[in-house]
Every structure is written in structure tokens, then in C-alpha cells.
Amino acid sequence: MSLQLEDVTLKVRGETYIDEANLQLDSGSFNVLLGHTLAGKTTLMRLMAGLDTPSRGRVWLGGRDMTDVPVRQRNVSMVYQQFINYPTLSVFDNIASPLKQAKVARAEIQRRVEETAHMLGIDHLLGRFPQALSGGQQQRTAMARALVKDADLVLFDEPLVNLDYKLRESLRVEMRKLFASRDTLAVYATTEPAEALALGGTTVLLKEGRIVQSGPSGEVYRQPCNMEAASLFGEPPINLLAAEIAGGECRIGRQRLPLPAAWQRLAEGHYRLGVRPHHVSLAPLATGEALCLPVQVRVAEIGGSETFLHMTHDEIDLVAHLGGIHELAVDQALEIHLPCAEMFVFEPGGELLLSPALPATAARA
Amino acid sequence: MSWMAWTLPTASFFVIIALMLVGMSIWQTVSPGHQRKGFLPISTTRGDRLFIGLLAAAYAHLLALALTGWPLWIVTLVCVAGLIALLKWG
Amino acid sequence: MHVRKSLVMLLYLVFILVPIYWLINMSLKSNQEILGGLTLWPVAPTLDNYRVIFTEPSWYTSYLNSLTYVSMNMAISLLVALPAAYAFSRYRFLGDKHMFFWLLTNRMAPPAVFLLPFFQLYSAVGLFDTPIAVALAHCLFNVPLAVWILEGFMSGVPKEIDETAYIDGYSFPRFFVFIFIPMIRPGIGVTAFFCFMFSWVELLLARTLTSVDAKPIVAQMTRTVSASGIDWGVLAAAGVVALLPGIAVIYFVRNHVAKGFALGRV
Amino acid sequence: MAEIRLAQLAHSYQDNPSAPEDYALRRMEHVWEQGGAYALLGPSGCGKSTLLNIMSGLLAPSEGEVLFDGKAVNALSPQQRNIAQVFQFPVVYDTMTVFDNLAFPLRNQGQPKATVEARVREVAAALEIEPLLTRKARNLTADEKQKVSMGRGLVRDDVAAILFDEPLTVIDPQLKWRLRRKLKEIHQRFNVTMVYVTHDQLEAATFADKIAVMYGGQIVQFGTPRELFETPRHTFVGYFIGSPGMNLLDLEIVAGRAHCHGLELALPEAWHARLAAQEGARLQLGIRPEFVELVPADEATLTGRVDLIQDQGSFKIVDVALTADPAQLIKVRVDEYKSLGEETVGLHLPEAWMRFYANDLLLEISDEAV
Amino acid sequence: MKPYNNKAWWLVLPVFVLVAFSAIIPMMTVVNYSVQDIFDPSTRYFVGTEWYREILSDPRLHDSLVRQFIYSFCVLAIEIPLGIIVALSMPRRGLGVPVSLILLALPLLVPWNVVGTIWQIIGREDIGLYGSLLNGLGIDYNYASSPRDAWITVLIMDVWHWTSLVALLCYSGLRSIPDVYYQAARIDRASAWAVFRYIQLPKLKNVLLIAVMLRFMDSFMIYTEPFVLTGGGPGTATTFLSQTLTQMALGQFDLGRAAAFSLIYFLIILLVTWVFYTAMTHNDDKG
């Protein structure tokens, strides 16, 4: 079943929570809402579910106008960030509750609950009560309840955020597999760009109640429509540098650099350059043009196989995500190389002018 | 109902109070008011201001009865004026 | 630190228990011994006082009457307070805060003069001298309290539970009865205790709204005054017996009370 | 400032623990050196918060001792140990302003007014909460509150150690970067021992110089992030560190030689001998996804089909199902521009990055033997 | 943020109807009475605000009002701190919890007239434990003849009767404070006083609001216990507002005057309670 939002706006007492959202999500697709806390992700999902009614605009589900249909009469389900289960019901009864309300036959309930529980690996816990479970098990119970009834629309509101890192990693893969074989429309809210990428599907970028950009996740990541989108989607966030092109030079801070060939076409004036941290290099590039900037090391965060290097150039904060381990002292002076081929160029207003070429075949599984 | 010992003045008093409540409800429904801060030391809604006004009026009448020999209708007039001022600027 | 705390608690419990002990002490004495002089424990213990209470119909029926209206009051209070508390904990609506305060103000009416209107009101609707009259009258102060306590407990339940239930297809009444009420059982236990307590010990309204058929224990006790003076022993025994249902109620809800006190912001 | 030593420490929440499972913390010996930045990493329920609370003195261990600079402090309260602790969820004093919150630990020590003022300003500047100083703490957002909680830990300059219990749980990911960086800078400036509890390996690795990985109430490995990454001493460390974790493949010994899914491994003789000597134990080969190489199928030792590709932006994770055993997935980390279809691929496992485990523990072999 | 939904009124309606029935109708009746001189239900004359004027200048009202305010102030000044101290001293876990809960609740379960009776006996200098104890110690104590002793006895009786309520409410408030707050305070080296001032007291605010209001209202309307103990005496030492009112209403059967009195009484309680309520809740609205 497809979902369409048409000029959906939510205002409560003069305060705008969602501003003219227009969105078309296809049947059977997996969609990620990505944005900071308070960007309006939860609100948008509540509008989709029918828990709230928009102050303006329409919500269409499968071609039917559902704006004023109460949530009970829509076939949706939702999983919350908090582990929401009925504490007085056993895991079995928790999962069975939507089926019981739908008056499904007893044997059928038994079969479907067991099947769903098995799929999520909680079939041995059916007799227990939610309080006796670990966080991961509680959230699996909540997910099972959402999946058992074959809803047209399943909403996940940051379901993994309160779970352990490793558990998150494995549930993420499970989720992808669960939905790969269903024609349910899934919407998943998260604050983590990496999660949005890992889950695949479509990404919708939200900021302050506005939809900034939507499209296939890889595409949105590699071709953000503006600076806002670029900085929302990326962790650590993309480096942004104010630059001026004048007199055949590119000026960044006090630094004057020769103008790269790729940018010859750009008119003179002010621009903003964006470069993702993993494209920043400490060594000169083997191929292609690069901007070379002197920087001072602020701090080097060393992971197992990678280093996050925080630096400043003329009061501008920069981050590099480097493969391998680089032990660098604070205040050490360095030169970094920013490959022009991987750079985004934005107008001062934020519109995208140039972006790196997409890989020849954008592979999708 | 005779045991309730109704009199015309008290009946009209209650009718006025009831009308005020109904009026305030309609007003709030038609054009919702919000909490705000006026000359009163706390931020109030319209309903709060009405309550404060009525309570103050009751006390004003009692004080007038206890301390002065003024005719009560003067006090009542002052209170009505005060109530309106309170609703508008309180 | 802990010693000092326990000492405070112990001293306070002694302060509380001495008068209770004195009551029990008196109930086991004859009137001669009570009035004869100070004895720290019954010198000639007697159960005569209790015998009076358990054999004279006017005594034990008054117990039953009291229990009847107190149970009715608990039931009515909870029944009406549960939905109202839900409304206050989940929604904002026209005049909600004023309504809440108005409910509280109902405890402020000085009972003495309201007795007559009460008497006339319940006579007018034909409820005078029935347990239901007392039960309804006690709602005046118990319902606001019940709403207030329950609202605290309900606010502790995340609203996402409600939404999940609606998403699952529950109607509001089904959700409320089968999901929500079981979740706030401790709160209901605590509320029931407070309703019981205030209704059980109240004297003025209970005495005014009843005469013969529904006479409560508190009114019966005031009749121990006779021409020969107060029958202290029987009065004390009646007081001791009057404590028992309360202790039973606390005992039954003790886990809920302890847990309820732990959960709620009563 | 202090070195913290845990001597023969064990803890059980039961009164009479008998089996090892009864212990939340199994007997351990451990040293946190003065001035280090450490992380205590593990899944939930592994005992890391228990250990933290024992060090801070909120919990008394049932066995063993905690020593600060060689002095046993078991009997001392948290205030006497002079440590600071930041909790998972923000703890602020609602009715105080942010300034008073930060000044609270100093005022409790009776510091002079000028010192309090100076320290609070310094810490507020470091945490970027200066504009909030006059606000009431109750009106802050969750992450502002958490910054205030951290500030209360950082404001005392005489502490023996600062303990962090998953302090960034409530913080937005975008902000986590800045805060972690702040903490690291603060560590470098104040030179105070910091122990940071987390379940997030990235957080641990970026914050700490050395990480203690906990599993089932034990510290299974203590080392630099690089050591944990390159040479996990326990399969759990291999699985838990790295995203995704280490690939683990079962080995069998056939005629004295190590085989993996029917193929004999190309290894020096000494390794075959070493592995064969462990026959009977559960033998596993571990290799990091980062070190598995994709090669044309005809040049490879193992082949498989691409099962799933996860785009992570800067790289991709490819799950390869082995031809010999499609249930066995091997994860490979590849460059963001590498294009792949649903084809059969070859895998090359470089010998230098292969690690071997017997019953989950790392097998080692001295260099001369190879 | 709670959603705005006027349908919620349907849920409040039963409470509204029930309480309106037993509150608004009697209240209206009292207002009606207060402007009339009533001899019997059929013989009544409209007198306007005469009763109010008379009562407001009646010295009996002034005296008992002052007595009442002093009494209520003392009740709050003793019971609220004492209740908090007792709640702080409650055991936190184990068997002690239910045992102390039950023991604490005992005085609350004693019918109010029995409360008076107990103290009437226990305070007697001939046959009561406390009375004879005090006299044995050389302190001249007799609540039946000394106004001061009577007054103190009523106060102690009230403390005995009601402090448990404050303690129970505070205990529940204290239990809702997560342990981590105490841990943080220990680490910040907070003194016991600071823990109380900055952690416990703020969390107790809500329960204290209700405790203060309940205790204020009930103590302001105290009737049964002093009536049983001394009948308001000796003299008028323990004649509080409620008793003055009852004497007027029942003793003199002066319904109109009594009604006016009780409305003035009601207004006083209303104002004081509203001030408490507003002072303690209006901070929440900002948060």
C-alpha cells in the first residue's frame, strides 16, 4: 500500500511542527526518516499513523484519503523508541493482542504468533512477562506485535536507539531481511546517518519540520540537493569551508590556492566547499587535483583501524576520517589534501552547484 | 425544592454566575485565549482572571460591610469595573 | 546515621502506639477499674465489653452498616474517579485546571452548617437513613482525593501504551478495562485505602444522614453516654473493633501500598 | 590523582555465591594507571557498571580490595575517595541554576568564592554552556542537562579519577562527536585518570588510550584499540570490537592438517602442528572483514556468492555466502566505489591477519617456530 | 505535551455530576439561607446582607478566627516538618516497610470521636497515663481547668492523629526519587542537609502541596475531637470556628446567621488554599 502526504502541516498553538510536507512512499518500500532530535520525525510518523491529525493537508493511504480516519480503523502498527509492551500481559498475549482485537481464530493466532516469534528469535520467551526480559528482547516483542498483524504501514520510531551497539548491528540486518520479502510499507526514523545507509531503501531528510530531500539513500548521500542535506547526512558531519574564487585563485581563509581546472567554469564570487571526512587525505594524491591546506591538530581519536583527526585551519574546524592509526600530537602542524574530484561546491545560499561524479554503476543489492 | 428557600436576589446571583461561566466557555471555544502575564504577579488564563476577580469582589463586599457604611451597590459597581479591568489587563 | 534514623522512627512509633495501647488497655477493663485509678495493664482483665458489642444487635448491625456504606463509597469513588483521572492525566480541555481546583474546594465546606441542607437534600430525594446516602455524601471529599491520587499514578504510565493499544485495535473502553486498569493496580490499592480511611472515621455526616436503619458505628458510639455517665469500657472496645477493618484493608493492600507508594507521585 | 588497583576483586549480589555464574564480577586483578584515559567496554549485563560503582565506592565488593595509590579504600565512602562520576542519565539539581549546579561540588568542599567562580566559568566554557549559566536546570533539554552533569564531574580539580557511565546515551549523534572531542581535550589538559564505561566500541576506541573489554563478569582483554582490533585474545573481543565484528570460521583437523570448509589452509607447518595439537577443542579461524580481499574467483582460496551489500557511505559491507556452505557468511569491507553484482566472488585471506582460537581463546606461536 | 481534546469532558462528567449534586445544591441552599431570617421552612423573611454585617462585627467571630489561625499555623508548623522527618526515617526495604506502614496508619483509622475519648482519658491526672505522669513529674497539668493545657492537648492530639498522613504522603514522594540522585549527591560531597534541600525537598513539592492543603483545610474545620475532649472549654480556649458556628446553628437555631457565617468561613479557606495552590503549582507551568 502506498502512502502519500499532500501539503501536510501541523501547527499547535501558533507553533509549527511540520511545515508543508509532500511525500510519496511506494508500496513495499523501506523508508528512513533521518534528522536530528526534534526535527519532527516522530510528529511526522504520528501524522502518518493517524495518532495526530494535520491542521492542513491530506494523508492518502493506498489511494484513499485517510486524513480523518482514526488510528483504530487504519491497518498500521508502530514500534517506539521506549520498549512499549503491556506489562500485565505475557509475551504471547502481547504479540497476540492485535490479532485478538481483529477477531482472528484462536488456532490461527497461535500459529501466527509462534511464526513471528520464531522469526525474531523470541519463541522461547512466550510465557514470560515483559519486565523479566532484557531490553533487546523487549524490543523484539514490540516488533513482533507490530509485524504479526500484516499491517499496511509499519512505523519504527528510533527502535534501536536504546539498545547495545552490537545488538543494533544485528537487528538492523534482520530488519532488512524481514522487510525484503514483504510488501508492507515501512517507515523508520533515526538520527544516525550510518543507520540510514545500512538499512538501504529510501531516505527522507528532515530538518525543523521541513522535508529537505528524499530519494534512494545512496543517491541522497552522494548527491545532496543543498548544504543542509549534505551536513545532515554524514557522520562525522561533512566539512564545510567558505571559499572565494577571484582572480584565478581560490581563497580559503588567508590561504590562496591555484584554481583547480574543474572549477574554471565557476563565476568569481563566494562559495562554500564541502568535503566528507573520509576523503580528506594526509598524503598528496596520486591522481587528480587537490586543495592543500595547512592545519593544526586539535585531537586525534583513534579507533581500532581508523583515526578521526580533528583539526583547525584559521578557526575553521575540520575533521578527517583516516584509515589506519595515526598518532599525532596536539598543536602539531600538518598539511591536508582535499581532492577536488570528491568535493561539493555550494552557493553561499546553500544550493548545490557541483558534486562528485557518481560511481559508474551504483550497486544495490 | 421549597426547602432550598430560594429568593429572587440569590437566584439572579446564581444565574449571573452561570451565565458568566457559559459565556467564558463560549468565548474560549470561539477564540482561544492563552496564558499570559499582565499586571498580576503570576501569568494567568482568562478563567484564572475571572476567578481572581470574583474572589476579590467577594472580599471587597465583606470588607465594605465590616468596615464602612457604604451602600453595597457602589461596591458592586466598583467590582464590576475591576473585574473588566482584570480580564483585560490582568 | 542509620541508628539515628531508626531511633527517630522508634520514638515516633512509641508516640503513636501508647494511646492505641491505652485504648486496648481500657477495653479490657471494667468501668470501675478505669475510673478507680491508674493501672498500666488490666488488673482484672475482662471481655465483658466485647461481649456487649458482639451480642447486642444495635452494636453489630451498626458495624455492618458502616462497612456497607464505606464499601459503597469506595466503589463509587473509584468508578467515577478512574475515567476522570484518566482525562486529567492525558488531555487538556476547556477549564481543566479550574475543574481540578474546584474538586479540591469541595473539601473546604465547613460541615457543621452544610449538615442541614444535606439532611434536606437526601430527605427530598428519599435516600435519608440509607447507606447509599452516606456513601454519596462521603464522595464529596473522597472523589476529589481519588482523582488526585489516581491522576498521579496514571501520569506515570507512558502515553505510548495507550497509543499502542489503539493501534492494535482496542476501543477505549476495552483498553481502559483490560490493559490500563491492571497496570495501575497499586494506585487503585492506595486510593482505596484513603477512601476507606476517610469514610470510615467520619462522624458528622454519617450521623446526620442516618437515624435507625442505617446507623453507623461512629454514631452508635456516641450513645454510650447514659444517665450513669459514659460507658468507657464499651466505648474503648468499640474503638478497638473499629480499628480492625482498617488494619485488614491495609494488610490486604500492603504490597500494593508499599509498591504504589514507590511508583506513584501520590 | 591516583592509580587505581583492583586486587583479587570479585562481587556477587547473592549472599552465598557458589558457582562462578553467581558472580556479577569474577575474581580479577587490574590496574588503572594515573592520568590514563580508559574505557570499559562490554555488552549490557557484563558487569561493567558494577565494576564502576565498586571503584567509586557506591557499592562494596564482596571479595578483594580496591587500592588508590596502594592504599586500600574499601571502607571509604565516595566522598572520601575523592572521585567524580557522571551517570548514564542526567542528574541535575532541578531547583538550582546551572551555575549553582556546577558550583555545588566546590561549595560543598568550602572552596573560596573566587575559585568557585573561576572554575565554573572555565568548565562552562569548555563544555560550551556559558549562555545557560543563569538558567534553572529543570528547563534544560536532555543533552544540556547531561553537559551540566559532566560539568559537575569536571569542575573539581583535585579528584582521584573521573568515572563516566555511558554518559552520551541521551546525546544526539551529531553532538556526540563534539562532546567526545571535548572530553578528550579536557583529559589532555587536566591529566586526570578517566574511566569511561560504554557498550559502543567506537566511543571507547576514540576516547580511550587503553580499553578493557568485559564479558561475563571478566575483563577478557586489556589493550590499546589497535591491539584489540588486530589481535583479539578472545573470540568475544573479535566479535565485539569492529563494525562488523571479526569473521569466525570453524576449522577441522584432517590428517593432522587444518581445514576450513573442506579446504586445507595454506599455512606454515608450525601452525598446522600447533592446531593439530589442539584437536578436540573448538577450533576457529578469525579474520577481520577489513583484511579479507576480494579477488577473481579463479585465483581464490574460498569462493562464495554475494548475499547482501550494506552501503555505509565511506565504505560497503558485503556478506558473502560460501559456496561450500551457504549458511556460512563472510563479511568483507570494500571501498565505496567498488561495484558488485550478484556474482560469484573469490576471497583471499592473508595469512598475516589470520588468528586462531581454541575454545574461544587465542592460540599463539612464537616467531622462531614459524 | 498533552493534546487538547474537549471530548475528555465526557470522562469527567460522572465526577462532575456526582460532586455537583452533593456540593452545588447544598452550597446554593446555604447562600439562600444567608440572606434570610428563617423561623421554619415556611416562615422566612428576606434580610439582605444584614447577617453578614452582624457577624463581621461579632467579637465571637474575631476571637475564634484568631484562635483558629494560630491553631492551624501550629498544626502545619509541627506536622509538616515532623511528617517529613518521620518519612525520612522510614526503612527503605525489608519487612520494616509494611510493618511501619501499618503502624503509622493506625491513628488515621481511629474514628474521630474515639480519638477525643482516648486523649480525654489518657490526659486525666487521676486515671490517665500522661496526666498522672506529668503531675508526677511535678508539672501542674489539667486540661479541664487550664486553658493552656487544654489547648496544648488538642494540638498534641491533632499531631498524633494526623502526622501519619503527612508522613505517608512524603514517604511515597521520597520513594519516587531514583537512587542515582543520592549517588550523585554523595559523589558531589553534599551534606545531609544539602541532599534534603536540593534533592528530596524539590521532589516532595507535589506531595507537600496536597499534605499542606489537606492539613490546612481539615485543621481549619476541626470539630469532633476538641468537642469530645473539652466541649470547647475551658472557657473558650478550644472553641474553634467550627464550634462557634455549630453553637450558632444548632444551639441558637439561627440558620440564616449560621449560613452567612459558614460562607465567610468558606471564603477564608478558599482564599488561603488558593494562595497555597497557586504558589506551589504555577512554577510547573513554565517548565
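Think of it as A, B, C, D and E in the order they're written, each chain with its own count starting at 1.
Keep in mind that, in the parts below, contacts are C-beta pairs under 8 Å (C-beta built on N, C-alpha and C of every residue); 3 or more make two chains touch, one makes a residue touch a chain.
Chain identities (UniProt): C = Carbohydrate ABC transporter permease; E = Sugar ABC transporter permease.
Because the structure is a prediction, the values reported are computed rather than measured.
Enquirer: For subunit C and subunit D, what is the smallest step count along a path of chains that touch one another?
Expert: 2
Enquirer: Among the other chains, which touch subunit B and subunit D together?
Expert: Shared contacts of subunit B and subunit D: E.
Enquirer: Going only through chains that touch each other, what is the minimum step count from subunit A to subunit C?
Expert: Contact-graph shortest path, subunit A to subunit C, evaluates to 1.
Enquirer: Comparing centres built from CA atoms, which chain ends up most distant from subunit B?
Expert: D
Enquirer: Tell me which has more C-beta contacts between its two chains, C-E or D-E.
Expert: Between the two chain pairs, C-E has more contacting C-beta pairs.
Enquirer: With chain centres taken as the means of their Cα atoms, state the distance from subunit B to subunit C in Å.
Expert: One centre to the other, that is 36 Å.
Enquirer: What is the distance in Å between the mean C-alpha positions of subunit A and subunit E?
Expert: 58
Enquirer: Any idea how many Å lie between the Cα centroids of subunit B and subunit E?
Expert: Here subunit B and subunit E have centroids separated by 28 Å.
Enquirer: Take the average of all CA coordinates in subunit A, do the same for subunit D, and state the distance between these two points in whole angstrom.
Expert: Once rounded, the distance between the two centres reads 25 Å.
Enquirer: At least two partner chains per residue is the criterion; list those residues in subunit C.
Expert: Residues 94, 117, 120 of subunit C touch two or more partner chains.
Enquirer: For subunit D, jot down the residues that touch at least 2 other chains.
Expert: none
Enquirer: If you look at subunit B, which of its residues touch at least two other chains?
Expert: Answer for subunit B, listing residues that touch two or more other chains: 3-4, 29, 51.
Enquirer: Quick check on the complex: what are the subunit A residues that touch subunit D?
Expert: Touch residues, subunit A against subunit D: 36-37, 134-135, 162, 164-167, 169, 173, 176-177, 191-194, 197-198, 200, 217-218, 221, 234-237, 276, 278, 298-299, 301-305, 308, 310, 319, 321, 325, 330, 359-365.
Enquirer: For subunit B, which residues are in contact with subunit C within the complex?
Expert: Those residues of subunit B that touch subunit C are 1, 3-4, 25, 28-29, 45, 47-48, 51.
Enquirer: What residues on subunit E touch subunit C, complex-wise?
Expert: 2-9, 11-12, 14-16, 18-19, 21-23, 25-27, 29-30, 33, 82, 85-86, 88-91, 97-98, 100-114, 117-119, 121-122, 126-129, 132, 160, 163-164, 168-169, 171-173, 175-176, 192, 206-207, 210, 213-214, 217-218, 221, 223-224, 241-242, 245-246, 249-250, 255, 258-259, 261-262, 265-266, 269-270, 273-274, 277
Enquirer: Residue numbers of subunit B touching subunit E in their complex, please.
Expert: On the subunit B side, the touching residues are 2-7, 9-10, 13-14, 29, 35, 42-43, 51, 55, 58-59, 61-62, 65-66, 72.
Enquirer: Can you check the complex and tell me which residues of subunit E touch subunit D?
Expert: Residues of subunit E touching subunit D: 180-181, 183-184, 186-191, 194, 198-199, 202, 286-287.
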